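Note that the chains are named A, B and C in the order they appear, and that numbering of residues resets to 1 at the start of each chain.
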Amino acid sequence: MKIEVREGNFCYAKKKEVKPFIYESNISFTLEPGKNMAILGPNGAGKTTLLKCITGLHDWRVGETFIDDVPLQKVSQKELWKKIGYVPQAHKMVFGFMIEDLVVMGRAPYIGSLSKPRKEDYEKAHEALNEVGIVHLAKKSCNEVSGGELQLALIARTLVSNPEILILDEPESHLDVQKQVVILETLKRLSKEHNISCIINTHYPNHAFYLADQVLMIAKEKKAVIGAVHEVMTESRMKEYFNIELRKLIFEEADLLIETMVPLALAAKRNISECRFNNFE
Amino acid sequence: MKKWKSILLWVLPLVLAIASLGIGRFEVDFVTVVKILSSHIFPVEETWTQMEYNVVMTVRLPRIILALLIGAGLSISGAAFQGMFANPLVSADILGVAAGAGFGASIGILLFGNGYVTQGFALVFGLAAIVFTYMIGGSGRNMPIFMLVLAGVVTSALFNALISLTKFVADPEEKLPAITYWLMGSLGTASYRDLWTAGPIILVGMFILLALRWRINLLTLPDDEAKSLGINVVRMKWLVIAGATLCTAAAVAVAGIVGWVGLIIPHIARMFVGSNNERVLPMSIALGGAYLLIIDTLARSVTAAEIPLSILTAIVGAPFFAYLLRRTGGSWS
Amino acid sequence: MVGRKAILTTLALASMALAACSDNEATTSASGGEVETTAEEKIVIDQAGAEVTIPAEVNSIVSGGILPYFHTWYVATNSAKEIVGMHPNSYNAAENSILSKMAPEILNADTSFVQNGEMNVEELMKINPDVFFEIATDEKSIEQARAAGINTVAIKAIDAAAAEPLATFNSWLKLTGEIASTTERADNFIEIGTDVQNEIYEKIDSLKAEEKPNALMLYQLSEQAITVGGKNFFGNQWLNATGANDVAENDVTGRKDVNMEQIYNWNPEIIYITNFTEIQPEDLYNNTIPGQDWSEVEAVKNKQVYKIPLGIYRWFPPSGDAPLMLKWLANNNQPELFDYDMNAEIKSYYQDFYGYDVTDEEVEKILHPSSDAAKY
């Protein structure tokens, strides 16, 4: 599924009072099937709002979203949400549903208004849980599992509807590094094996390097910039958008390459003469 | 939950109903009760008096069925609302239906003192209360829950004030005691006519809620999440409100205001079947019906004078709720 | 000529001034402080035990929430002109009673001081009676009236401890006699009442419980509720005094709502319906109330359902016709032992006691009151 936004912009209009648009420039991008896009930007730049506008949960004030060249407004809600899977941040739930009940909710677009899930729906739920590696937690209450496991369950919830694109809002927050890896690996595998694109809000530059084919960067009072990962995520751009000095790091080991960006401010001062790592000779 | 336990809980109301047919201020031994009942299916030698027959068929039977229906209706409405509002502390009264229906009935008793009119008014004003609540708080894009709750508070306050006004105007000899007594809830004069008027309405409401019981799970999620699962959130909320309002307004029209049932029973149901509303709603029907039946049987048999229902449900319900709070520490899973 | 007129006018003005002065004094002393009375006043002790200062000559009274009281005044004084105000419910009873024929001026009484069942003290002050009679349990109204300077006498609704039904009314009569400074009629009534009561007691004293019919006092009946009277209520006293068993005595205190099953359980042989409900015996005979089947009850089968008469006032609470109520009940409860000719009894009683000739038509109205008397 190709998802495209043309000249989109948004503001929280309160009836008569019209506030200025929250994005400095109109947003336009195209995401081809199977490709991933990371959205980066400081807090308050409007990343979550952007996700909601892209998917139609909020209405663009100007511009439009196109799904396979069809305007989003014209697509029926049921069909739309079969194809788009929205993964919110994991949060405590009021009622302690079992994990499998939580995941089977994702089958809603396939279940008639007055019906309830059948065996096939639960089988699909278990398949999805298996895909993300937590099928052993199927009968546990969602308030008993860890935050990371719940996040994986929420991803599984979107998988049951055979989506073509996943929308994730900072899924790695609150997770330990191991769970972060599990999620990222799962997403990468989904895009490779099942051609599922994803759009992901993230605060971690190295996640963007790992996962994304293109990056959209926004900040307050800065024009939105979109392009290939290496084009967008440069030290000068990061300085401009995040207002902080970052240095790009590249780590190489055998046939592996990791790229990331780290803030200069967190560097420790050292006495150059005592440095063991520099070899001037 | 084990299959046989589930079946047991469903059989419970039936068993209790038959047992209650044999309990009351007027002595009818159980064998006679069974004979009277079976005489409608196959010929049985008539060994009972007309009075015994009356007691079983016209005094107790309609009342027992009504108690089951009302207990079930209030409980499933409470469960549905607890799901829709994602809050385990609400009951179907929160949007003002009970207060509106109570006012309708008070006006009916004041002006007409007639059964049909009183019930009709109760229904009409119960529905009017919902419309009122919607007009105040429901016109946002998503019909946000907190707006509905606040609007419901306003509506309840308004109709309760109107009830007080009605009581003020009523004559203290006949009308005022009638209104006050009615407001405390009673099935003391339950008849088949009440059953035929309120019964179908409660059944329709229950049917709507049962049909939606799995989808209510989706309503417990934040609005955007629910939408992202492809459901029309506003329409869902309206359907749930419609179903619960029908049940509650009809119940209030016939039995007055009976509190604590819609609040407590869903919790007990969850203790048995977990949080999945697909199972909680049907279980609430069974438990709610059984509960109100027991309460009503007590109300009409313990003393010669009828004890108002809401007094008993509060005396039983409030301590039990306190116990629940302590035991679960406030977390509901 | 002119001189005499002038003297008379001056005297009149002077006495009015004196009366006004003494009224003021009576007012101030009634509301607290040292009780000093002039020759124009006297002190009575009301039924709540308070000392009330009232004018020696009482020319205007108002009766409030103590609904039967207004006619007690008439019974004690044979005069209705002092009754300048009464509760709307009392007025209704008065309108439908024979008192309206005997003393039509009773219908001039002002009911505006009670609105929606609540006393409006300012309206009461406009009427400004010499004495205001209020039910002892309504302490708020009594305090309000006294604070506004109105002499208020508290009257108890029922002497629950007493076994005889006439005890309450007799106590009212005695107090009224004191206030109105005329005790002859009160004493007369008490004597008649005591005689009739003794006459009846003689015959029923030896009766055992099985020889007495089970009777029920149906206070109110409607589609919404069945209200009966039990212990510590007038009905109970009446039934016990006239040879019947009160079925509700052990189960109900005061007046309470019960359900149809309880009625079946008691299965009374006689049912008495009060004037506080519009229901008539025909309603029970014909099962006109939806959802209630009275046809199996003993009293309905035997056609022994009676509407309590309304003569000078409703006969259910204490009334001036109490001796007649005793006889009427005795007739119904113990037909083997008593056979008073109620027509003759009513006529002679009214002639002797009230000095009024009752026609046959009026007798019928007394014994079979309409449902209007229950309306509010």
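Worth a mention:
Throughout what follows, a residue touches a chain if its C-beta (ideal position, glycine included) is under 8 Å from a C-beta of that chain, and two chains touch if they have at least 3 such contacts.
Remember, it's a predicted structure, so these values are computed and weren't measured experimentally.
Arrangement of the chains shown, judged by which pairs touch: a linear chain-to-chain path with two open ends. Distance from per-chain Cα centroids to the pooled protein Cα centroid is smallest for B. The busiest chain interface, judged by C-beta pairs in contact, is B-C. With respect to chain C, maximal separation of chain centres occurs for A (centres as means of Cα atoms).
The mean-CA centres of chain B and chain C are about 44 angstrom from one another, to the nearest whole unit. Averaged C-alpha coordinates put the centre of chain A at 85 Å from the centre of chain C.
Contacts with at least two other chains are made by no residue of chain A. Of all residues in chain B, only 83, 86-88, 211-215, 217-218, 220-222, 224-225, 227-232, 270, 274-276, 278, 331-333 touch chain A in the complex they form. By the touch criterion given at the top, residues 89, 116-117, 220, 222-227, 248, 251-252, 256-262, 264-265, 267, 276-277, 290-293, 296, 374, 376 of chain C touch chain B in their complex. Every residue of chain B that touches chain C in the complex is listed here, in rising order: 24-27, 49-51, 54-55, 58-60, 109, 113-115, 118, 168-178, 181-182, 186, 188-194, 300, 303-306. Partner chain B is touched in their complex by these residues of chain A: 52, 55, 57, 77-78, 80-82, 84-86, 88, 93-98, 101, 105-106, 108-109, 111, 113-117, 141-144, 161.
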